[in-house]
Amino acid sequence: MRPAEQGGSFVLLAQILVNGVLLGGLYGLMALGMALVWGVLNIVNLAHGAMIMLGGYAVYYLFTGAGIDPFLALPIAIVGMFVFGYLLQRFVLNLIVRSAMLNTLLITFGLNVVITYLAQLVFSADFRTINPSYAGSNVQVLGITVPLVNLGAFVIALVLAGAVWLLLNKLPLGRAIRATAQNLVAARLYGVDPRQLYAVTFGIGAALAGAAGGLYGTIAHLTPYIGASLTAKSFVIAIIGGLANPFGVILGGIFVGVAESLTALYAGPTYSDVISFGLLVVVLVIRPARALRAA
Amino acid sequence: MSALADTTAKAPAGRTILQAEGITKRFAGLVSVNQVSFEMVENEILGLIGPNGAGKTTLVNMISGTLKPNEGELRFEGQPIDALAPYQRAHLGICRTFQVMKPFPGMSVLENVTVGALFGRNGGEKATGKARESAREWIEFTGLSHRIEAKADSLGGPDRKRLEFAKALAMGPKLLLLDEVMAGLNAVEVEEVIELIKKMRERGVTILVIEHVIKAIRSLSDRVLVLNHGEKIAEGDPAVVLEDPRVVEAYLGRRRQ
Amino acid sequence: MKQSVSIILALVVVVLLVFVPWVASDVMMQFAIDALLLAVLAQAWNILGGFTGYVSFGNSVFYGLGTYGTAIAMTNKYMQLPFGVGIVLGIVLAVLCALVIGLPILRLRGPYFAIATLGLSAAMGAIVSNIPIAGSNIGLVLPLIRADTMFYELSLALLVACTLTVLWISKSRFGMGLVAIREDEDAAGTMGINTTAFKITALVLSALFTAVAGGIHAYWISFIDPASAFDPTLNVRMVIMAVFGGPGTVFGPLVGSFILSAVYEYLASSISTAAALLFGIVIVLAVIFMPRGLANMIGGVRGKGPRYFLQNIRENRL
């Protein structure tokens, strides 16, 4: 569909911006878990997108199977994914935490493959969407359509980012997590077993991925294969937003969301995947310092 | 620049090999090295001292090329080197060791030193066989022959320092920058390293030594340069400089307490 | 010497392999050509990922460019060039791409490089499917030719050439520089290694062999489209094969890819998902239990048997 004619072009642009911002909030939530795990554990989790996908399917089956409203099913998916992430770190990833970055990349890459194809076996390769009765509902503001589901997803993304911020800055557990990011010995000073702390942190990252996946399923298709591109997207956003501040990550997500929406409008939707990569390169070229420092 | 009175006004004798003029480095607004100028003449040993955070390593990083100064000019044998990458400076004969030892961990001692011989001054020795031979000689020279096949990351502290020396020497340096090579060594080992440095100088190498061990500085250096808060506060004969009240206050005094 | 024994062994194996087409069935030939080409991909990846330490998840880009270069040269109505020229065009495209993206991308380290290559491989497919000369998202049909023996011998020759290159790298000044970069890039620079030039050369070599494999594959199956030419799972396979066998060794990636190809083929004939799943499991287990690959496990001086695996875990666990 081509853009509306002259008179509507301003409204159209505003509409695209609103769509981009709402989508971007969700993108930010996707990246939040990756940024947390990366910043604290120094693990770039290439299976992060696959965990988002798992969260999506969890909510899908809770909704279609048990008839639980997607937004109410979200907490269940969050808890489930936390347990999944906790166990994964505790019994698998903790075994290689001290080896080279290459190995953490490879193992999470392998996990991505395992999760993806297990999902294909269990869930089949069919497209799924989470379609509650209110899926098409929206409100009109100044001629701009605001889809309720997207708005809900955006609000939840903000709330969860706030929760992560509170956790990291106000709670003892969060202080221990941040201390771990500095060095391992510090974690012991807080009287916490670092193995537990690593597992809990990764669990939180997985829980955030689960939440993002559940929301993603209400506004886009789920297939077992969405993981890789969501990982790449999360990574881009984590770099743009920085690893330190949850709200920075959300802002990074909004930036990418708006860029994607604009690209889809002006260059065509097939290019919206290209824009993530383009942004990645641009960001890395403009802000290379951190990328270069990381060994 | 402050009206800096050199402790000794006498210009060092001999042919100038390195000239630094008004070198300044800022990190995020903080001045790490401020308008530092000095010269080194061929075959001398210059001691670079100063309290932690005085900018010593930053200065060495700028000479070896891993950092670029914000202001000032560096000349090596009369030629400006500011635009050169670290590897190009290595080809000119500027070699360094690192405060945090940087052997190639997965390589053996022999391989580590061979890399130095293969890529050092003038692009190094192109034939791997010859490079390996010269590496063996330098390993012998630094007294590491008994560990020649050992993996670098299995070496203990003193042997790691020997490896750093052997790597740097295999590069055929004209100017050698030694960044705290004695830290963590006991008195006997410090003596050995001092002997090693003297042996290198006998081979015609010009040497810049960053060191906290004042005794070593005293016995090694022809001249001393003192940095404090990124500024040069004294330069000259060790016996004179190390008694300078400002130096004592800035550096020695604090360390004695 | 041990080295000369393995070289003689390798020669014998190569000579035997040359005669395979005269005894193998059609199905066997299909498998053999696939396995040889995959081994080339793993070996080419090894130059960059194994020796230089730059883990690329985007070598499929060079494969795709080799594929498309060959296909466009052979099918475009203004060109209609022979296969050999097509391969050259594929190489040119891949090498140009390596040079253009190499400069910005090789400045990135560790995960940044890995993800940039991952993103590149995703972007390339989307870009190519918008290019009319490349058949957009429909693809291109190449002249059909039934010459499995030729494709087999070509693939074998390519693998030999690639492996000889890696063998040379492992012995040469150039290779020493690459390994130094892998071990500590900053130190390598201050020791006189022109790290940028070395890394780009490694990338170009890797791209070159990968592109030729793509070109041969295109002509062999005679149909290409963006989804198959830039198939991201190809990256998975080449990386896993090289890592499983032993990155940074000469023969590890070969052994790894032949073993995994055989297992994959066996499983794929029953359930294809299970085969892919197995790849994932293999890489997870390999990283945990034998992070230096098969080559190290067999040739290593460390503990034997279960102790070897425990040692690895003890070194790296929290």
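Labels A, B and C are assigned to the chains in the order they are written; within every chain, residues are numbered from 1.
The rule we apply is simple: a residue touches a chain if its C-beta (ideal position, glycine included) is under 8 Å from a C-beta of that chain, and two chains touch if they have at least 3 such contacts.
Here the structure is a predicted model, which means the values were calculated and not measured.
Visitor: Report back the single chain whose CA centre is most distant from the CA centre of chain B.
Guide: Most distant chain from chain B: A.
Visitor: Which chain lies at the heart of the structure, taking centres as C-alpha averages?
Guide: C
Visitor: Averaged over CA atoms, how far is the centre of chain A from the centre of chain C? Could you give it in whole Å?
Guide: Comparing mean C-alpha positions, chain C is 31 Å from chain A.
Visitor: When the C-alpha atoms of chain A and chain B are each averaged to a single point, how far apart are the two points in Å?
Guide: 48
Visitor: Nearest whole angstrom, what separates the Cα centre of chain B from the Cα centre of chain C?
Guide: Computed value for the inter-centroid distance: 43 Å.
Visitor: In the complex formed with chain C, which residues of chain A make contact?
Guide: Touch residues, chain A against chain C: 38, 44, 46, 92, 94-99, 101-103, 105-107, 109-118, 120-121, 194-195, 198, 228-229, 231-232, 235-236, 239, 268, 270-271, 273-274, 276-278, 280-281, 284-285, 288, 291-292, 294-295.
Visitor: Show me the residue ranges of chain C that touch chain A in the complex, using the header's touch definition.
Guide: Result: residues 53, 55, 57, 104-105, 107-112, 114-116, 118-120, 122-123, 126-127, 129-130, 232, 236, 239-240, 243, 273-274, 276-277, 279-284, 286-288, 291, 313, 315-318 of chain C touch chain A.
Visitor: Would you pull the chain B residues touching chain C in the complex into a rising list?
Guide: 64-66, 85-91, 95-96, 98, 102-107, 111, 114-116, 118-121, 123-124, 126-128, 131, 167, 171
Visitor: Which part of chain C faces chain B closely enough to touch in the complex?
Guide: Going through chain C, the ones touching chain B are 171-173, 176-177, 179-180, 183-184, 186-195.
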